[in-house]
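These are the structures, in structure tokens.
Each of the two complexes below includes subunit A, the first together with subunit B, the second together with subunit C.
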Partner chain A sequence: MSISLWRVSYALARRALRNSLRRPQFLAPLVIFPSLFLAVNVGGLHRSTDLPGFPAVHGFLDFQLAAALTQSLLLGGIAQGIAAALEIELGFFDRLAVAPIPRVAIVFGRLGATAVISAFQVAYFLILGLVFGAHVASGPGGALLTLVLGVLAGIGFGAIGQALALRARSAATLQGIFPLVFVILFISTAFFPRRLLESPIDTIARYNPLSYLADGIRNPIIATVDAKPVLEGLLAGGAITLFGVTVAVLALRGRLREA
Partner chain B sequence: MRQSARTILALTRRTMNELVRVPTGALPGVLAPTIFMLGLSSVFGKAAELPGFHAPDFRTFIVPVGLIQGAGFTGAAIGVNLARDIEQGWFDRLLVAPVSRPSLLTGIVLSASLRALLPGTFLLCVAFALGVHWPGIDGLLIAYALFMGMAAAMACFAVAVALKFRTQQAAPLMQMGNFIASLFTVSYAPKALLAGWLATVATYNPVTYVLGGVRQGFVSEVTWQETWHAFAAVFGLVFLLSMLAMYGMSRVGVNE
Partner chain C sequence: MRNKISAVPAIETEGLERTFGSRGRVLTAVDGIDIEVAPGEVYGFLGPNGAGKTTTVRMLVTLLRPTGGLARVAGFDVARESGEVRRRIGVALQEAALDLLMTGRELMELQATLHGIAPRDVHDRATNLIERVGLEQAQDRRVGTYSGGMRRRLDLAMALIHQPEVLFLDEPTTGLDPTSRVTLWDEVRRLKHEGTTVFLTTQYLEEADQLADRVGIISAGKIVAEGTPTQLKAEIGRPHLDITLADGAGEDDFARAREVLRRFGEDRPPTPDCHLSVTVERGAADIAQVVRVLDDAGFTVESLDLVRPTLDDVFLAKTGGHLEGADEAAVEPTA
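== the complex of A and B ==
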């Protein structure tokens, strides 16, 4: 990465982060809705750990933390997409497009802000879980692993959000895909172990990268680190990020060609 | 009286026109409860095998939650539309018209009740196609009446929020009210299986009784006791929340 690209990306990341912090009404739903879901899921279905086939866990809260985290990170991706779409609607994107800067920094800058927000999201849910009696079975090292996986996934979702914003150019369209977050989550193992899912969701979940990501985030929380789920999670997170960044950069090029 | 009725009818027709002329705007609200019902029942379906879970299956158990959620989404959508009308100045024009404010509120709330028929009926069609237990005509009619009442109650809440904040950015707050009201109940499991804190919250949450009234025909038989508890709860909610919305209405334009 050239110095110019790095400096511009850093400046745009700081700007995007500051803007996000100034509009807490956009940030709050990222943690409030998943927290409420977490409370209802755990309070309503805490006895699910008694079901035959449910993995040995300290409690259902430990198991559900990964679901809340994944949901929060997905919502974060949409929020970043909405923020990018608003910049297009309000004309800031056009001003960046004519500025003498590496254009790809427009994408990388926002991804930098996304990474920081994702880290906060992971930290928030880990602290929330610990306050309400969850355990991180792998200790501080496991928590760090969860943080790495969460940030990687957050960047990927943020990049996909940006790609959608660059294609749609409308914040309202991005808001409309909100229910899709739940569809994608419901067809994964984020909420329940695969062997306990109903058919055909259990089969679909096998091919959903989000399942591997959620299981990777979950493993250090519910057990001592097992290389397989964590590596699969890293692979899924990396693939989502690579895919997201590629489509975001391609969408940026398309948008600049049309401008 | 006649003038009020015409106002209420006009406002109701305006909301219905929105559905017909901008169907894409209503689509997420129609689909979301069904998505939740399908998703929750596919993911947590095995929970019905827990001892003490008295329902034919988890999908049948969760369908009434989808109906209540659909009513809540509709109520929130009505609030967001009002906030948009306030932002764009349309509501100011209504306020200076020779129309009473209770009529305005009634028109808005009534349209929420009618609009709730769409997500509710869609969800029920999908549910019955998937083999959900038939609640009987009486159970079905009670369910319809109760979720339409819930839509009115949630619309009153959303109107109060819209009048307070006067911006569409308050939409998450409206949704959150719906979310807490509908899910912090016996939504996922019978009370005996809930965690202690949630069982306590559910006991004091009036929506628990509304949900019980909607659910009774699906999971067992309609009883007079559950029915009157549910209707008392929904009437109480509509009364209290309409007072809150009316207070907001009466404050609009004061000291501006």
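== the complex of A and C ==
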């Protein structure tokens, strides 16, 4: 009798999603913090679009939506890590470990839930932007592209969150990582175009995959789709996801082997 | 799935060992234990906190790798054939590892899926077990709202969802009120009647005495005694008297009283509820003479209890200490 990886992953994804919805205190910060950042940035820095070198955009809100989205997805990854760490702390992980299931289903299940939550995060920020006067320049197709990129990145961040949880086994440690999200994001092109960044931030941003991800998410919103940034965004999102899933599966194996 | 003949022990360990730490700081939690549990047997694994009970269980259920020796469950090696072991065991771990955000039914159905129950059978299997443990009314409530006893019953039901060959119950009644404890005991008896092998760890003597066909007593990672409860108690033999002197008696009085009582038998460490404890050769027949001797020596006896040998006496004889749960589990037996 073999137990299907996909059936178990689906069941665990449903559980993780349902639990996320039942723990709104974990879900709310994913949209509240980035929304506040977005409001403050757009309210205080909207004249930035007048700076020489700033790309031609419909408005600063359009430009900043990608930053808020990337920030929200990063926070989503941390939240999934915290949920996974709590599962270890409270012993539910042991229940999964002692079940005759394909082990990777433990990682894949949570990633399934992460994908759905990421889609909602993307939809929330696009709708928020539209309500407050932003445009999606490349239309519904561009919005769909943003959704694909967002979900891909969300899965990657969620996988990294799980890897950290499996290594740290402590929700408090994951909470400690929370502020790093802001640092990593500030040294990318999420908030400002690279040509307006000073050295050495512009150099760091050049090697920061979040820059390519944010630019990829942003492109369909602020302009008609340009293949280069979108492909670079897909590549960055894919690389983050591949890296995240690999380290999560390795961390799971390590966790089970150490036991 | 490999076929196993029923003569294969349900659980078998040879020199099973688990150490933690490395180099100079090695802690040996389980120190080369040998256990053999027959199919259909209820084996009580008794010991105080920190004796190595949970570490042993975690090795047997594949959650912890042994650092030495061998362990086979349902005929499969826990280290090399862990997947086969997991298919055949049910596990209710200490502190019931339940998801408090889910409802009882959601958890049961998830557990059924994790054990490969066909989707068409999941609902009925969950319903049957929910009814069996009496959680019909609470099945759609979140587990976070359940009492300790309800959580343990749900945990037990989840462990049974795939009709396991061997069931591991790690301190299933710790912290429960007497009524919930008796309910769980009844369920274990029913499982035994159905032929399920049960490996039950407990720190409660009464529990082991009531439920186990055989008992293994573990102390500091080693098995110090093994046998049926009757055999073990017979090894100890004589009953003892627990004596409490009247108010005002102090350590000097206790020492003098011990001297006086020496003629009756061996002095034992008293429990927290009495001042003196002494073994007596003839049981009840010695009581009158003990009271008279103490009275002649100027002591007033406030209370005196004749205690027949218990598993705690076995533990005391083997290790020199009392079991921590010895006084807690005094529950009226139901059968």
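Going forward, the second predicted complex is superposed on the first by the 256 of 259 C-alpha atoms of A that agree within 3 Å, B and C clash if a C-alpha of one lies under 4 Å from a C-alpha of the other, contacts with A are read in each partner's own complex, and residues count from 1 in each chain.
Just so it is clear, a residue touches a chain if its C-beta (ideal position, glycine included) is under 8 Å from a C-beta of that chain, and two chains touch if they have at least 3 such contacts.
Worth saying up front: this structure is predicted, and the values here are computed from it rather than measured.
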item	value
Three-chain arrangement built on subunit A, subunit B and subunit C clash or fit	fit
First (subunit B), second (subunit C), both or neither touched by A:H46	first
Comparing the two partners subunit B and subunit C, which touches a greater set of residues in subunit A	B
Partner chain in contact with A:F186 - subunit B first, subunit C second, else both or neither	first
Contacts of A:G176 with subunit B and subunit C, given as first, second, both or neither	first
Subunit B versus subunit C as contact partner of A:R22, first or second or both or neither	second
Subunit B and subunit C, minimum CA distance [Å, superposed model]	15
Subunit B and subunit C footprints on subunit A, overlapping residues	none
Partner subunit B, residues of subunit A touching it in the complex	25, 28-29, 32-33, 36, 39-48, 50-51, 176, 178-179, 182-183, 185-187, 191-192, 196-198, 201
Contact footprint of subunit A on subunit B as seen in their complex	24, 28, 31-32, 35-36, 38-47, 49-50, 169, 172, 176, 179-180, 183-184, 187-189, 193-195, 197-198
Residues of subunit C touching subunit A in the complex	1, 58, 61-65, 83, 86-87, 89, 91, 93, 95, 97-102, 106, 110-111, 113-116, 119, 142
Partner subunit C, residues of subunit A touching it in the complex	1-3, 7-8, 11-12, 15, 18-19, 22-23, 90-92, 94-101, 257, 259
